[in-house]
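Look at the two complexes coming up: subunit A is in both, with subunit B in one and subunit C in the other.
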Partner chain A sequence: MIPLVIIVVLAEVAVRREWVASYLVPAPSKIIATLVSSRDGPELFYATGQTALAALTGFAASAVIGLAVAIALSSARWVQRAFYPYAVFFQTVPIIAIAPLLVIWIGYGMPTVIASALIVSVFPVIANTLSGLLATEPALVDLFRLYGASRSAAMLKLRLPFALPSIFTGLRVAGGLAVIGAIAGEFITGGGLGGVIDISKTQQRTDKIFAGLILAALLGIALFAIVNLASWLMLRNWHASERT
Partner chain B sequence: MKLLLSLVVLCSFSAACDKKDAPAPVKKLTLQLNWKPEPQFGGFYAARESGAFAQNGLDVEVVAGGVGTPTVQMVAAGKAEFGIVSADELLISRGNGADVVALFAVYQTCPQALMTHASRGFKEIGDLFRNPGTVAMQKGLPYASYLDKKLGFERVRVVPSPGGDLGVFRKEKEYAMQCFVTSEPIAAKKLGLDAQTFLIAEAGYNPYTTVLVTRGDYLRANPDTVKSVVNGVRDGWTSYLNNPIATNQMMQKLNPTMDMQTFADSAAAQKDLIQTEETKKYGLGTMRAERWETLGKQLVDLKVVEKAPPASECFADLLKK
Partner chain C sequence: MGVRLRGVEKVFEGGVKALRAIDLEIGEGEFVSVLGPSGCGKSTLLRIVAGLEWASFGEVEVGERGPHPNPLPAYGQRGHEKRATQVSPLQERGSRVAFVFQDAHLLPWRNVIRNVMLPLELLGWDRARTRAAAGDALSQVGLSDALDRYPAQLSGGMRMRVSLARALVTEPALLLLDEPFAALDEITRQRLDEQLRALWKARAMTVIFVTHSISEAAYLSQRAIVMSKRPGKVLLDHRVELPAERPARLRGEASFASEMRTLFDALERGEA
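Moving on to the complex of A and B:
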């Protein structure tokens, strides 16, 4: 908390003393005034709702698809060798470059924004889940085999639970990325925080841009908190990472 | 001294005389453009190439711009003596305390337009907003707010402008996008698309565009220099409108992504925006106080500026009558 207070106070003083021009960095007090003003506040919060919906949907899709892909990849060494590189593609794709194509493929509106959020956030889920699934204690794998457990039983009762901490690591990263992906999509299709930030940029409203950025950050933090809560609920009874 | 003078005179008549020995003290100035070398700046390059600047002892460097080149700020901050802005930009900046003054308005009719498919059979700009469809434009720009207020966006979906990307335009029929009549429609034609354009000016919003500006205190301190530049610019535009080929070739070297045919088409498309009834009467680049006042009122109406500066502060009429 203390570093935040120092930065905010410094920014405020710097702008008031005109060390930096207010159109470059707005005073924190101005940003807060914008957030609560009757002119911009409702627009900003409505936009946050739209972005939240798209980011959450994209994030949920990432979680489901990421898990499924990672389970498929972990099934055999050759599958992994053949298909993992394609998963890496998702990590390297510059979303800003392909977002305009998404609009042509999918059209304007929420589905494009969700797809954009999905594309940027799916890789960390795949990578972390996969490394978790592959790191199962070999002795336990042997034990399951000894008792004649089926592959699906081994997956459900051993590999997946064992991989949970890694999966949650992937989801934590994916949460923040989903917000970024949604906003990048909104730059192209309009609507949401991305749309508001884009328009504010045209109008040289730096205060409103920063207000939008703060709301985006809060959204990222909220997603992070949701993942942490889920992680705590599922791991608190048995895993060291959540037993404090 | 006499010897030197006669030498100078001799020199200026002699073709063999090297440029280095040229007598006149050359004043080095910078003109900052807000986009890449294209026909919309043809007259400025022509003024340089044809020697219209040099005749007046001026050495004006024409500097190309790009996406979001802050020409107003650069001129206001003294980073360039001259810059290219649009009239609404100038009014907004003056409202923010930047002392920039307009000198020469290239486009008497703003080239900003909306482009859609001719197959939709629309007759006027209002049809775009009366029929369901998508309109891509940069919301937040004054012209978009003006259209919103005048025609209403209730029946259409307004999405961000794709820049000059024609991808969606090609694919979707019920789609219109913002454009400059000197640019995107020509690109669309090259792709074999039957595009139809409606000028925003038709709806009543028509700021002078591609306007030469300078800083107020620079103008007051160097009235003669500014006057020479303005008249050089007018000579440049006159020559460019008569014959753009040489200047186009020169600009094409600086902007090789655009081919010569596009340069020629664009130069032809802009002619009617530059030469109007008013310029026939008062000369190229002329500006009228009424139009600055109208624009000021429109911007106040749209709450883009709080108070419009008086027209007399916005522009200086230095053109030779």
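Moving on to the complex of A and C:
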């Protein structure tokens, strides 16, 4: 908390004394004024809502799709060899470069933003879930075999619970990335915080850009906190990462 | 449940030979220890009997059912088990054979009672019966007051007892233990040895106990088998001449020392 206060105070002083031009870095007080002003405030909060909706939907989609893909990939070595490279593709291709394509395919509007959030955030879910599923304790797998457990029983009662800590690691990363993906999508399609920031740029409104940045960061932190809460609820009894 | 191995050999992928020409007959209700240096293939032998691993050559019979059924199906990931596509009558086998690993290997997200319920759950028992049976098994190992605790909250000895209860809950006719108490301190280990012997005497089950501890083998078993270093073969098949009642003080007596001497000599020959 203390470093934050120091930085804010320093920024305020620097701008007021005109060490830095205010069109480059707005004074913190100005940013707050913008956030609560009757002209920009409602617009910013509405935009935050839009981005939140798109990021959350994209995040949920990447959680579901990521889990499903990882389970499918873990089923056999050859499936992994054949299809994992395509999952890696999502990780390596820059979203800014695909976004225009998404607009052509899906059109302007929220679906494109959701798709963008999904594409950016799905890989960490796949990769972490897969490594969790494949790391299942061999002795426990033997135990399940000994009692004639079906594949699905082994998945539900052993592999998935065993992979939960890794799954949550993936989801934590995915949460932040989903917000980034949504904003990147909004740069192209308009709307949401990405849209507001894009327009403010052309108007030289650094105060509004900073306000948007702060809201976007808060959104990412909120998603991270939700994942952490879920992780704590599910792992607190047994996993070292959630025990204090 | 009896076990008969005839000319069993095991060669791992990559050519490592783990077992050679194992002939072994274990009668119903016997308590047999298998001793040997580390890496001599005694664990592999146990896994073959359990059906977790193939014998490369030879015949394995477990119980009434003639030649050994195929190894239990693996779930795809481990290469050398890919052959195991044929399905054996698992439900029946599963309830008759139990395996205790070197570490407790409990499911950390399940509390004690639900860990012990697991085998019955997998065998498709209904929940009420499962719970009652798990409670019984846990009281037999003296853990009735720890039902709701999680593995992370237990000591190593308690975890091992939960693991033992999990193996006993299906009332197995054949109990296989792979160096189960090796990681425990001496006192805890002796207590568990006594407990295991009492459980064996109370039930009509065959026990195969793999260990590298000579005193454990002498104290526990009616019969001790000593294996050579890899590729393992049977060096000594020895009837332990100790009374059926084995109080803790037996460990200090001359007859016990002479049994240990016999086993030690055989082990040493195997190392040479």
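Methods note: the second predicted complex is superposed on the first by the 244 of 244 C-alpha atoms of A that agree within 3 Å, B and C clash if a C-alpha of one lies under 4 Å from a C-alpha of the other, contacts with A are read in each partner's own complex, and residues count from 1 in each chain.
Throughout what follows, a residue touches a chain if its C-beta (ideal position, glycine included) is under 8 Å from a C-beta of that chain, and two chains touch if they have at least 3 such contacts.
This structure is a prediction, so every number in the text was calculated from the model and none was measured.
Residue contacts after overlaying the shared chain place A:239 against subunit C, while subunit B stays out of touching range. Shared-chain residue A:157: touches subunit C; no touch with subunit B.
Within the superposed three-chain model, A:139 lies in touch with subunit C and out of touch with subunit B [touch as defined at top].
Of the two partner chains placed by superposition, only subunit B is touched by A:200; subunit C is not. A simple residue count on subunit A separates subunit B from subunit C, and the partner touching more is C. Touching subunit C in their complex are the following residues of subunit A: 74-77, 134, 137-149, 151, 153-154, 157-158, 161, 164, 235, 237-240, 243. Taken in their complex, subunit C has these residues touching subunit A: 47, 50-52, 72-79, 90-91, 93-94, 97-99, 101, 103, 105, 107-109, 111, 118-119, 121-123, 150-152, 170. Subunit A makes touch with subunit B in their complex at residues 100-101, 103-104, 108, 187-190, 195, 198-203. Those residues of subunit B lying in contact with subunit A across their complex are 134, 138-141, 157-160, 162, 165, 167-168, 171.
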